[in-house]
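For reference, chains read A, B, C and D in written order, and residue numbers begin at 1 within each chain.
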Amino acid sequence: MAMKTGEQYIQSLKELKPPVYFMGEKIENLVDHPAIRPHINAAAETYDLAHDPQFAELVSARSHLTGERINRFTHIHQSAEDLVTKVKMLRALSQRTGSCYQRCVGFDAMNAVYATSYEIDQKHGTEYHGRFLEFLKHVQANDLMSCGAMTDTKGDRGLSPGQQPDPDQYLHIVERRKNGIVVRGAKTHQTGAVNSHEIIAMPTTALGPGEEDYAISFAVPADTPGLVYIFGRQTNDSRKIESAMDAGNPRYGAVGGEALVVFDNVFVPRERVFMCGEYEFAYPLVEKFAALHRQNYGGCKGGVADVIIGAAATLAEYQGVSRAAHVRDKLTEMVHLAETLYCCSIACSSEGSPTPSGSWGVDTTLANISKHNVTRFIYEIARLAQDLAGGFMATMPSERDLRHPEVGEYVQKYLQAAAGAPAEHRMRMGRLIESLTTGIALVESMHGAGSPQAQRVMILRQADLESKKKLALRLARIDA
Amino acid sequence: MAMKTGEQYIQSLKELKPPVYFMGEKIENLVDHPAIRPHINAAAETYDLAHDPQFAELVSARSHLTGERINRFTHIHQSAEDLVTKVKMLRALSQRTGSCYQRCVGFDAMNAVYATSYEIDQKHGTEYHGRFLEFLKHVQANDLMSCGAMTDTKGDRGLSPGQQPDPDQYLHIVERRKNGIVVRGAKTHQTGAVNSHEIIAMPTTALGPGEEDYAISFAVPADTPGLVYIFGRQTNDSRKIESAMDAGNPRYGAVGGEALVVFDNVFVPRERVFMCGEYEFAYPLVEKFAALHRQNYGGCKGGVADVIIGAAATLAEYQGVSRAAHVRDKLTEMVHLAETLYCCSIACSSEGSPTPSGSWGVDTTLANISKHNVTRFIYEIARLAQDLAGGFMATMPSERDLRHPEVGEYVQKYLQAAAGAPAEHRMRMGRLIESLTTGIALVESMHGAGSPQAQRVMILRQADLESKKKLALRLARIDA
Amino acid sequence: MAMKTGEQYIQSLKELKPPVYFMGEKIENLVDHPAIRPHINAAAETYDLAHDPQFAELVSARSHLTGERINRFTHIHQSAEDLVTKVKMLRALSQRTGSCYQRCVGFDAMNAVYATSYEIDQKHGTEYHGRFLEFLKHVQANDLMSCGAMTDTKGDRGLSPGQQPDPDQYLHIVERRKNGIVVRGAKTHQTGAVNSHEIIAMPTTALGPGEEDYAISFAVPADTPGLVYIFGRQTNDSRKIESAMDAGNPRYGAVGGEALVVFDNVFVPRERVFMCGEYEFAYPLVEKFAALHRQNYGGCKGGVADVIIGAAATLAEYQGVSRAAHVRDKLTEMVHLAETLYCCSIACSSEGSPTPSGSWGVDTTLANISKHNVTRFIYEIARLAQDLAGGFMATMPSERDLRHPEVGEYVQKYLQAAAGAPAEHRMRMGRLIESLTTGIALVESMHGAGSPQAQRVMILRQADLESKKKLALRLARIDA
Amino acid sequence: MAMKTGEQYIQSLKELKPPVYFMGEKIENLVDHPAIRPHINAAAETYDLAHDPQFAELVSARSHLTGERINRFTHIHQSAEDLVTKVKMLRALSQRTGSCYQRCVGFDAMNAVYATSYEIDQKHGTEYHGRFLEFLKHVQANDLMSCGAMTDTKGDRGLSPGQQPDPDQYLHIVERRKNGIVVRGAKTHQTGAVNSHEIIAMPTTALGPGEEDYAISFAVPADTPGLVYIFGRQTNDSRKIESAMDAGNPRYGAVGGEALVVFDNVFVPRERVFMCGEYEFAYPLVEKFAALHRQNYGGCKGGVADVIIGAAATLAEYQGVSRAAHVRDKLTEMVHLAETLYCCSIACSSEGSPTPSGSWGVDTTLANISKHNVTRFIYEIARLAQDLAGGFMATMPSERDLRHPEVGEYVQKYLQAAAGAPAEHRMRMGRLIESLTTGIALVESMHGAGSPQAQRVMILRQADLESKKKLALRLARIDA
């Protein structure tokens, strides 16, 4: 059966028992833990919508390997149209969840490893691509969710992997066996790691001679011995436990649910190794993954922005100011910024091109532009939403006070909305905006497998200043 | 004894028993409640620094009434220099607390009521100013902290106070007695309300004929019968309880600690009433208070920005990137924005002028400019700090995981900083930035007794476009 | 012969004798007038590049009417690919000219009238589309340049066309004859009007019942009796006459060369009338034209930005600062902004869709986004370029001083560049940047057949706030 | 007689015969040359307003040397109030001229040399300060206009003055004589140089051992043999000659009128030398001058902004859109930006402090902030004004066409304004905005004796990051 439902996905998670720690405790029942469940619910939407007639075209695809209908998150892009459809799928999913559904990291990892393993084989005569195809068939057949594990902890950022005092600051081989390798290190900021079936590891930076042990890519099941997960704190994470209403977006949570994934001497069998020492392919793999991941943001953040805009417009109505010129102007600005993000993601997709492996990749420059704009605009969208919502969002009483026998009536009376809507509606909408805007901005610096500065360096590198200079010299009539 | 210490202030709070509710419970011991105590600690600094030789010049003043040395927060400004000193005091206090010490609201309320009550008396032959002087002497002699209560809940924002379906949406007189008045309504976003000695009420907007019942100003002790406090939620407020380290700024908390203050048929004795029906003075009182309050932001947010800048610079060092050009550029930008805010607060102070009462007020236009810039720049400062801190801040494990017997060593190993500093230091600094930047932006929409849009309307009103048009007509040689 | 060369284009202009006035004089020899020739040179590139092997694929197309190879500027878009190719062609042309080549206005007019005339015929049984096809064949066969004339002078902007005290403020029919119509009015900001072969008129705004006389579209040869052209002043226009070097971009000039085109009782023969009274199609025609025209900006301004970036990078080299971090950062920012513009134009094209006539139109929302971003970013690109160039650009002596027998050696000595390049090179590059950046920003408010505010209104109208509100209500768990 | 009138100033210029070149010609009659006269008119306002009862308090002062009433532009600041008054004077003058009146450069130079010469004497026992006092008395007694000449041509910016292949790229001593020195080099961007009485030279950068010949400051009359002036081109400078109306601000011109001032072996008598080899005082002198000059911008550009705002508001009225929300919002934004600039200049003044010489200097950090904000905001103010004015400004016909016997009536008819104002008024106002906004932005990169980047470096240097770090360490509870 190629495509799971959300419920089947959740059931399948119960069979995995990865060791997950949070707030000083080991979580025994991941699926029902209130700090984790919202993120699982969001990921489950990627399964359910593949069966929904309204979204099936976006969220499913036909496997180029088997011809079967598969979930698009397990698909290898076969055309620019596939790339564009990905962006539209992400926007639709974000509109539904207002959150991160975490599944694009593995999706992008698979596409990046697919193309890179082919290129390594072409040069070195290795068998990585064939191995990866087997893994891919397994993923497609069982509709698995994968975590794309790239970002190492990096230690001293002024030193390359091979120069670190602690070699484990970058994931690396500590033992080579006949039937596989043993690896140690940790991957940080791993979105969706605790509710994925598979972990796909990749290098995080360019590597050189002598750093062969760091040039590794592989996939292991999420409960492989030696893997340990430490689930990070989020803004207002306690509210997921304290009160559904105060949480703002109780069903899907805010952002992605990130974990530190420790590889404490993890054994990887030979058939699951997709790169092993070919350091010159580390950077190409990083770049392919990064570009595919940066492509996403105009889709997924565009969809979140749609929810923020809708919430701000609703709250403006509740508060009786929806016709005011400045309110309309701010909503316009938010729409403008969201659609600009979307344009960048669409453009880097429609301008995509085939890789040697036959899969399609995005326009790398334009994908960088997409990500860099998100870094800026999402703050501005959040600022405008908070400005429109006004101060009540920052000082609102808790749900428990709303329902309190003594002071509940005060809360109901004094937080009631203008347009006849009850205080509870106004508070719910305020909490939703709070949830959407306080987390999103903070977490943005983590997303995208690279800092804004790294994107800037890439933007300049790809800009081809030399050809631009020639244009200017010609017009200024200077013989260059 | 004119000036309390911080400890004496805290002791004095224990004698008050205002009914305060938070998270569905009535707080019995306010002073020791972990959700409240950090805000009390911050306010206590306004007391302690008046005794500190390094700060005494800034934080104390000489009473123009008694000639005694008093805490500056109980002072009536006697000169432009007093206004400038206020700004410098606020910056120094914010640098010490990284938070809001809540005492300027009452400070500004006292200065605004001082000047306005004088003007009412001049016109109407009333005795408000004399009553206020008595109140002021009491405050100065006992070094009391006052809450300046202005913002009503407002109900339908398209209707004026007298037109509201629910008349209680604006605080108003429900009964006039010989010896005083009985009032009903609620004031929202009341910074420092639960740890103040006195509540000073003021109208929140311009009023007209028929709205005499809303044109009231008075002061009552914070535990006057009929007052009920509902303490609002803040970003990450649970962390004040969960973990000192995760709270980021454990001693002083984030932002101010706001409450909804309900006036449920509160009796105000005659001698504590400073305005009662003179509706034409409602707007002048609002404007005086607003201008004095907007003056503050370049001081207090400037000081918070200094801490943010220091924290970002420290974290950059820990992460080994403090010499990178883009890091230095972002720090420069943060400094630039912080000093711009400071300039606006200084300028509206040094350009201040005396009121008819003899007290000094700020330049209203420039004070509006100050506040309007804060609304923008504090977001940008927060964005830059989060960008510099990087993603680890968004996904960092909890303190409990750092200290956990099984996974603690992973956290220590993989979050350690480059420059030899332990993981704990890096995490503490990250949590401090998180605390300083996630709350400050949200709460900014509430501060300042008016939305950015209200400031814009005032800016245009004060801009004297007509005289500017004449300048242009003359230069363009058009006879106007 | 379907495709002219640039030289043939210029020759063909000599046969036309439109009455053109500039600086108080009637221009007798348009083609050789120094104020006009640079704009003709720029337009000539649209002819020459169609024959250039490197650009032929972009700048030519196959006519869907005749199957002949035609200049793309006379083509009707047959696919999303055609729309994308248009954007790439514009960028390439702007890179070559650093200026406006003026031919897209007529190009967009033809595509808009093509689709609209079809729709009118469908509803009213008229014959406009057939007439337009004849006109189009004529244009394609003779490779004509058309001016798309939309913007009326508008008189009192608070009144609709039919309410104007002076009815001529919007172009309208003053007489209907058997064989045609007589029209009066004026079109303003007409880019390329004085060097076009044909003028295609369109309404400029939505029209209603009673405004039938304003609902007109037609094409007339540029030297039709009654047409009068008054060529507008540009920034530094005198330099085109004074000194090639001081002009900055002597061959192609700056911006487009706009004229006020007066229609003083112009007779339009029946077969050249494409709309005549069907007021309900006025707005659709405006919208189609506007969308197609807004699509352009990421292409044409992207290309101009490429030249600006190249010039700024070259000048930084001359001045010995090209490795400085802040210089690289500013260049990166300029690239980032230029590529963002490009993304928007690509996205609105690749997301295009067919019209009922079979021609393809762009995504209107995303085209608006494209234009709105240009309005902002082009200023920022100009600001950064001027910042990088530094003050010498603002105070540089004239070319005549550089070549003066007495002071020329001072200029050569003291304006020489660091890297061994002579003063003349540095001055030429400075003049180029001056030319590219002082004109572009000013003229931007005119381009695009609509003010930024009009775009904002359209952005909000197209944003579908209702569906966004539903997303928020669902996540906040409020039954709407 | 201590204070000249404007007319007397102009007469006094006629007696000087500096060799000035412009557009390849030597100007014989400077005062009546149409390219120069507007700048002279602007400078004349600094003389006339000292006699105008409305402005006399601002524009005159009492000499601390003689007790005489003198023009403030020749005054040495004796208090923070003097510094604040300077800013207000500049704003008032800019409001009157809409342009640069050029006299603050010499004003700032005198204050900087006054303080520095005192400090050199204190250390080296030299007699510079006494000499300077004599010069100052001469300037005050004759109410002279001085040009402050700082910016050298700099050659290769990667090399210090002493390392230049061409030693003349920095002004330096070429011969020492008993009675004086002979200097060679050139100062660039010299505002007001061609209509000043005296040239005050200063070094442009920090100097070290071996660079004694560059460590010079002195004053010479503007027609001293060896001085040659090459007057630079400005945006639309030809319009000063072509048409008063097209010039926009015909009486006062745009920006300052800058020249390259060549010192071709100029002899400076001993008594006019104020620094001669004391290289360690080069940077302090630069910094003092720069801070005083950066102080100005919120005053002078604030005043220009007032005119721009007035012109934009007037034009909005002419065009019938002055009540539109977006128009009011943009005017508000322009006011906001202008007042922010003003705040920074006021704050750096009111926070000024005395120098060892007894004169007062500004707060250097805040003065840098002031300048840095101008660099940004003046672009934004210009952008908003151009946006409000709309496209007609970019394509408007010339005045000659307005008055042309054949086409004049077309221009009058089709450019007429909505509100009954004739086309000429609308065109005049458009030309004024064009003049105010196209030049101001470009020239801004030159003003201020330093690039934005130099300001950024100074901002960070002065920011005292170490003390800010300590604040953060304390709050994060880390023992530093």
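Observations, loosely collected:
Operating definition for what follows: contacts are C-beta pairs under 8 Å (C-beta built on N, C-alpha and C of every residue); 3 or more make two chains touch, one makes a residue touch a chain.
A quick note: this is a predicted structure, and the numbers were derived from the prediction, not measured.
The pair with more inter-chain C-beta contacts, choosing from A-D and B-D, is B-D. Centroid distances built from C-alpha atoms place A farthest away from chain D.
With each centre defined as the average position of its C-alpha atoms, the distance from chain B to chain D rounds to 40 Å. Taking each chain's centre as the mean of its C-alpha atoms, chain A lies 52 Å from chain D. Looking at chain A, one finds that residues 326, 329, 456 touch two or more other chains. Note for the complex: chain B touches chain D at residues 84, 95-98, 244, 248-252, 306-311, 313-314, 328-329, 331-332, 335-336, 339-340, 342-344, 346-348, 350-351, 365-366, 369-370, 372-373, 425, 428-429, 431-432, 456-457, 459-460, 463, 465, 467-473, 475-478. The residues of chain D lying in touch with chain C in their complex are 21-26, 151, 153, 155-158, 166, 168-169, 186, 188-189, 228, 230-236, 238-239, 242, 246, 255, 258-260, 262, 264, 319-321, 324, 326, 375, 379, 382-383, 386-387, 389-398, 400-401, 403-404, 406-407, 410-411, 413-416, 418-419, 434, 437-438, 441-447, 451-453, 456. Those residues of chain A that touch chain D in the shared complex are 325-326, 329.
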